[in-house]
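Starting off with a structure, shown below.
Read from first to last, the chains carry the letters A, B, C and D; within each, the first residue is number 1.
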């Protein structure tokens, strides 16, 4: 399989795929990112890295951080986490309060905002320096010690955090978040504001592609069974209200962010990341989705 | 891998798994099925059939029929079907009208009642004798020409069809169902009332396990890509509001019915079916779910 | 108070008030009514009848019939009715299924479609000839023996009854409607298709304006307390999701229909009816609402 | 009409009416109020004050303050207020976020928490010392210069304000609240924590009973038309999701609070207040509702 040729073909089609989308602009720092950027990277278990376009340019990982927050906390806290957050698709826009009200403050899954805020609440009780732990994990697994929070984006997120503040206060009223609102929001916003490239993210996905044992850091980050289960939650819940669409078109566990990045993995084979800032109506990067769709069509690789 | 030994171990644990559940009794004919039945079968692409317990006893396939209705119509109608029914998880109990109202009569996916009723509406416009086509398909793929509708169950379903009649009338008011209400309900209820055994169903799943080409009938029922996509919809939508739970615990495309049967498949390997009448709170067979969970844990096979 | 002068002034402003509205056209017979019709009538307890414009032209009373269905059944069935239908505002579009699902098939009040269908179900168990009883009541109270169902409209309603059929089937699934669906729909559609004029309707409202004792027929139709309570339900629930707006602007118990008619009353004083076919976004006649608003402003009469 | 005798009879029945209820205990200071307190007062336009039981004991007015906040701001801000808050019944529990989300951050009416928080936001932009204005209004209209905020209750409210904080943050995300969250919550909680007696509240209601001109202070607080409209909003929206029940049973504009107080008025006649701490399932005082029901039944006075 000539992955470099496949990536080149995908990159050629990216501008057309991105055409209908809109760059997220709810914070100025995101709105300034050029709409025409496109990058993609595929990291193999054997250590090869295939890349195309702007695959080495850093971008705001945004909700992709929700995956790493989960991967960080689950091996430490274990099953008890599932008492505090569910693992069912939400069937609703990503920041909806409706379902949260009906389900008494227990978020549907760790990949909607409410669920990630609960994960952050748990992290605050688990680690003395949870942001340090997260950055340490990402630096080791991406193989780049320079991974860092973009301070301007983090501040901008905090300045526009009313909706997430509403979620945290609401869940506190049910007792499902326990730490002070400010601490929860600060860690959440900083994690969203981490800056990484496609190449770094593709490498960081290898832990989950390799069933918990990282070929980059050499560490066993979690058990085989736990890695599979995180992959399952990604596939059913990783892309807001478009999880069915992603499973149908891409057929891989994916996690997207409003910065335009989407990470994915092929169990036993590859870590993947595609990036293009313009988003479609469901809040997922239009060209990154098309790129992953095209990748699985051309390679014939999917979990089904 | 000694599948016979694994099935035997699973059968040993089944009574405990079934203990908390409740046999569906909304129609008398279902309520009369003994709660202590358990069967399981695994059919390999190579033609072996492993079975345990009551694997040859027929039961009402109920919503498992939704999978075969889709598999029958999709290759004929093609992509146009997705204009009439979505493919996103519903995030709501299986017969909820709320989402249908919000989404203007377009059901979320073909595996909730509303979606299957649309599929039935399409089938009525596609085949002169849609029930005959369905039975023909199932007889060939199960390798048993005796597969038949249970007439008593079918009549009982029709006598208790108010909620489905409400769905059909409601969708007709949006124009998303077009045939007369009675014809839609009759075909739907007859399909639900088909009687099959675990062994028959496990064999019938091989079309989807083998990417569209049946090793039983020898027919190419659909393209490789279409088979994969049906599997993806099963995984994200096949088990009502427990799709996340199934993906997490079982990690395979599954479709369940209130008769207590659950079918599943391992791409490139196996067709599976487990059966136990008592249902859990989400409407899925408690012991059949536990059996599939145990099967993937013991074999290490999952799509993730 | 010179009511004739006041009605004349109101009629002068009616064309402007009607300008933004849309004539209901979900059935052809309604859509054919000229948009520029306007009539209004005020009947006093003392027997005077003031009228303006097309106050003697018959129109389809539509949901105004819900008021008379309630006034007919409540004195016979008594408090037990409130076990089967609530009396809270719906806070939702008039034919929404959402609330009905959440509240287990008990409609919020007798003035939304679902609630009126339950009232019809009760009427079928109460009278041998419920339509005859209803027409008898209306003929006596309007003082016109010619009040009749418009057969063309009734048939047209029945031909477009999918949404109401959905409601009836849905409520049957909860056990809150018990008669056959066809009988319920037929009586409901015939009642909606009754044809009356503003003058007739204003007179028919005097029973409720006079606390249960009709100055037209001389009959005590219900107790003083029951008449007050029907008026209370009208004020809080009589105008779909605009009950607050009506109370705020008009300050009287009102009941509207998509035929463009709105009936109202001033306790101890008057029966009222205004009619103009074009409806506003909430499904109420724009010019009839403006006419009632203007009437209470000019006379200074309101219940507050 | 011997109002003293009527009040005495009502007081005699109060313990039975209170029996099923539960004293609000979400903040400790409220939970400590003895469940067996009952008081009622009726103030006439002519200056008489009838009272029974604990009618002079102060209690926490809680949501009754929402009425006075509206009465204070509406004459100053005028119609523009209705751009920021609706006047339709909510049809939902009083602190639900669902409707707010569907209606883009515009609360349904000023008597649910979200709506009162918007009124507070407007008050902060209208007066330099809004709490001082409110207390001044209440002191003048109750005829008691000692009316004051209960500082312990106010602090306790602020310590348990997560759900209201969620509402304010959520509305800020829609731009429908503009002041800092802390300032909004502080004024809101202090207003809720005002301590008044039945006698004081009954007198304060005379402004609205007398169409805007207070017989206590002699001031014209608002126009006749505006007073009527506030009364209309009270009747349709003043008692959470039980507005229909109150209109049906009491037939008067009412506003209740979780402190167990309910104020009401008879236009052109009386201001009323009943108080008993135990609440029914809809959050309204069980015995105070029964007292007002009994009062209108015994006097025959209602707006219908």
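Observations, loosely collected:
Operating definition for what follows: a contact is a pair of C-beta atoms (placed from the backbone, for glycine too) under 8 Å apart; a residue touches a chain by one contact, two chains touch by 3 or more.
For clarity, every value in this text was computed on a predicted model and none was experimentally measured.
Summarising the inter-chain layout, the chain whose CA centre lies farthest from the centre of subunit C is A. The pair with more inter-chain C-beta contacts, choosing from B-C and A-B, is A-B. Repeated interface: A-D and one of B-C, A-B or C-D share more than half of their contact pairs by residue number, and that pair is B-C. If each chain is reduced to the centroid of its CA atoms, subunit B and subunit C end up 47 Å from each other.
Separating the centre of subunit A from that of subunit B, both taken as means of CA atoms, is a distance of 32 Å. Shown for subunit A are the residues that touch two or more other chains, of which there are none. Chain contacts in this assembly form a single closed ring in which each chain touches exactly two others.
Of all the residues in subunit C, the ones that touch subunit D in their complex are 86-92, 99, 108-109, 224-225, 227-229, 231-233, 235-237, 241-245, 247-248, 251, 253, 267, 297, 302-304.
By the touch criterion given at the top, residues 96-98, 101, 162-163, 165-170, 172-173, 181 of subunit C touch subunit B in their complex.
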